[in-house]
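My questions all concern the structure below.
As written, the chains take the letters A, B, C, D, E and F, and residue 1 is the first residue of each chain.
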């Protein structure tokens, strides 16, 4: 019975709500997601507000002297992190569509994201 | 002529725009103002946005374990820092009046504060 | 799900974002600079009324006291740190930052 | 007086506050996350138009490039770091934080 | 109940560290177990023993050491975040442990609650 | 023109430190003198020599040392802000100086411009 308890998979949601580069939260959030992905947990990543900008295509950071990381989001698939959700209103307010993003994501309404949040065992906001 | 140059008094404005306690900016801003006040400069302090909350009467910080500092604003007068300006709209949006504040201030319109800003040699936002 | 918000609504969109995702019935706890949202008479009074129709709203009393906010919007419940813990006992936590 | 703004207008009221105090004619330079304000097609497009009637608006190109923002509102001038310095040569600086 | 705490901002500059501490003390008063404090982002700055604030102010790092000793709770700091921010074993307070994000994954998954404090 | 710089945030967590550096380099390219960099609030964290970021990333403190040596510019850190944040002489980079706010008053008043970077 203990062994069943030990391997209980938890639903863990990471929420990325900050723009990239201006602060480190999204970058260090991604570093955390990559490590957690190596454990057997049920991980989802949600992009809300300026967090959707972290997926914007065409980021070239060399002229500010900071390492870019947009491409790393594409690597999440290889870690079996496949549940990437984007808030529809956040995209719309920025005049963006799925085509502007570096990875394939599922676009959801705030209401649906709220219901997903409610199901989680753990939510980590970055 | 050099000596005249040396004692040229500069107009320096400090802008306090953050609420107290949640972040240290207003507190360390006040520490800076107190030191600068000991030099012969023309100092003004402007409270904008949540900065006006730092002057709110009745702050009792003992239960959060942080040192309060609202009373220190009253000490500015003793340092000859007498130009304390508060943005009228910021007060109004918070339903506050001059009577809610720990020190006597001059309430100005955004436009008038903007013109004061324009006259400064140095502006320091905290 | 307990939502916590620690930012003033005047400078920051955190509270607004939080309520967009909170499911009806989810309690929202305001802490740190977040408590300014429920200061009586400020420009968020009607927004607070609207939130209260859907979600119970709590504010951390030590943070209210520290900020000299003695009169708050009606319908908002104040809690101390142990009240914060009680809410955490009853719900998983979503800390909006 | 040169005003700089380094926050995204979506999450933060800094740009809105800055323009309330900027005197007509004062240039405003957007840097860091502030440059998102002039991304073409976002919900601040009309606000940017309004600002431009009163104040020249600049955006730091390296910060635009870093964020993948290639199309910006018309009437906004892009500058590199040396252009930032040029603006500082011409004006005292008010860095909104 | 077993509770893990994630603290994402450094001392003094933000209230997060104080709120985390006050919450943790209250949780213990109500009979719960604080399993661990995990520090991420600027939060790792909480565990430097070089901290030397004015005498009339709280000392946040010694307060964490006292908390750790009193209740047997470790204060973990992410190693990558720590190295970026000049935190290493030489400056680490008693009760502080520099560790990887695997430790955090354990904390996040083995407890009944995870409560985050930050900016 | 003589320019002073006020930097109010720590390295990595905010872009402020990078923008200040890029601005300072550009000002020098345009023939100006950077009189000093003054660090306040979390900005004092820029001058710790214990900083050890991943190898493929910039090292912000050694970059300030190189900047200081190349152009003869001191990086001043406010002593009270430094003590709060665990910065002292033992961990100070070359080119860094821990000093009082009087130094900052001089910088703010003797230069043609003061440019602030922060959060």
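By our rule, a contact is a pair of C-beta atoms (placed from the backbone, for glycine too) under 8 Å apart; a residue touches a chain by one contact, two chains touch by 3 or more.
Keep in mind it's a predicted model, so treat the numbers as computed, not measured.
Colleague: Common contacts of subunit B and subunit D?
Modeller: Of all the chains present, those in contact with both subunit B and subunit D are C, F.
Colleague: Please compute the angle of the rotation superposing subunit A on subunit B (C-alpha atoms), rounded to a multiple of 5 degrees.
Modeller: Nearest-5 rotation angle for the superposition: 180 degrees.
Colleague: Over half shared or under half: which fits the residue numbers at the contact of copies subunit C and subunit D, same or different?
Modeller: same
Colleague: Starting from the mean Cα coordinates of subunit A and subunit F, work out the distance between those two points in Å.
Modeller: The answer is 33 Å.
Colleague: When the centre of a chain is set as the mean of its C-alpha atoms, what distance in Å lies between subunit D and subunit E?
Modeller: Measuring from centre to centre gives 38 Å for this pair.
Colleague: What are the residues of subunit B that contact at least two other chains?
Modeller: Residues 17, 21-25, 49, 64, 66, 121-123, 125.
Colleague: Using the touch rule from the top of the page, what residues of subunit D touch 2 or more other chains?
Modeller: Expected reply: 6, 10-11, 13, 32-33, 62, 80, 92-93, 95, 97.
Colleague: Tell me, which residues of subunit E touch at least two other chains?
Modeller: In subunit E, 8, 12-13, 15, 19, 22, 41, 57, 80, 114, 116, 118-119 touch at least two other chains.
Colleague: By the touch definition up top, name every chain pair that qualifies.
Modeller: A-C, A-D, A-E, A-F, B-C, B-D, B-E, B-F, C-D, C-E, D-F, E-F
Colleague: Quick check on the complex: what are the subunit F residues that touch subunit D?
Modeller: 1, 3, 8, 15-16, 19, 22-23, 25-27, 29-30, 32, 113-119
Colleague: Would you pull the subunit A residues touching subunit D in the complex into a rising list?
Modeller: 17-23, 49-50, 53, 56-61, 63-64, 66, 68, 70, 93-95
Colleague: Can you check the complex and tell me which residues of subunit D touch subunit A?
Modeller: Subunit D reaches subunit A through residues 6-8, 10-11, 32-33, 36, 39-43, 61-63, 65-70, 80.
Colleague: State the interface residues of subunit B toward subunit F in the complex, per the touch definition above.
Modeller: It comes out as residues 10, 12, 24-25, 28, 31-32, 35-36, 39, 41, 121-125.
Colleague: Under the definition above, what is the set of subunit A residues touching subunit C in their complex?
Modeller: Contact set of subunit A toward subunit C: 15, 17, 25, 48-49, 89, 110, 113-115, 117-118, 120-123, 125-126.
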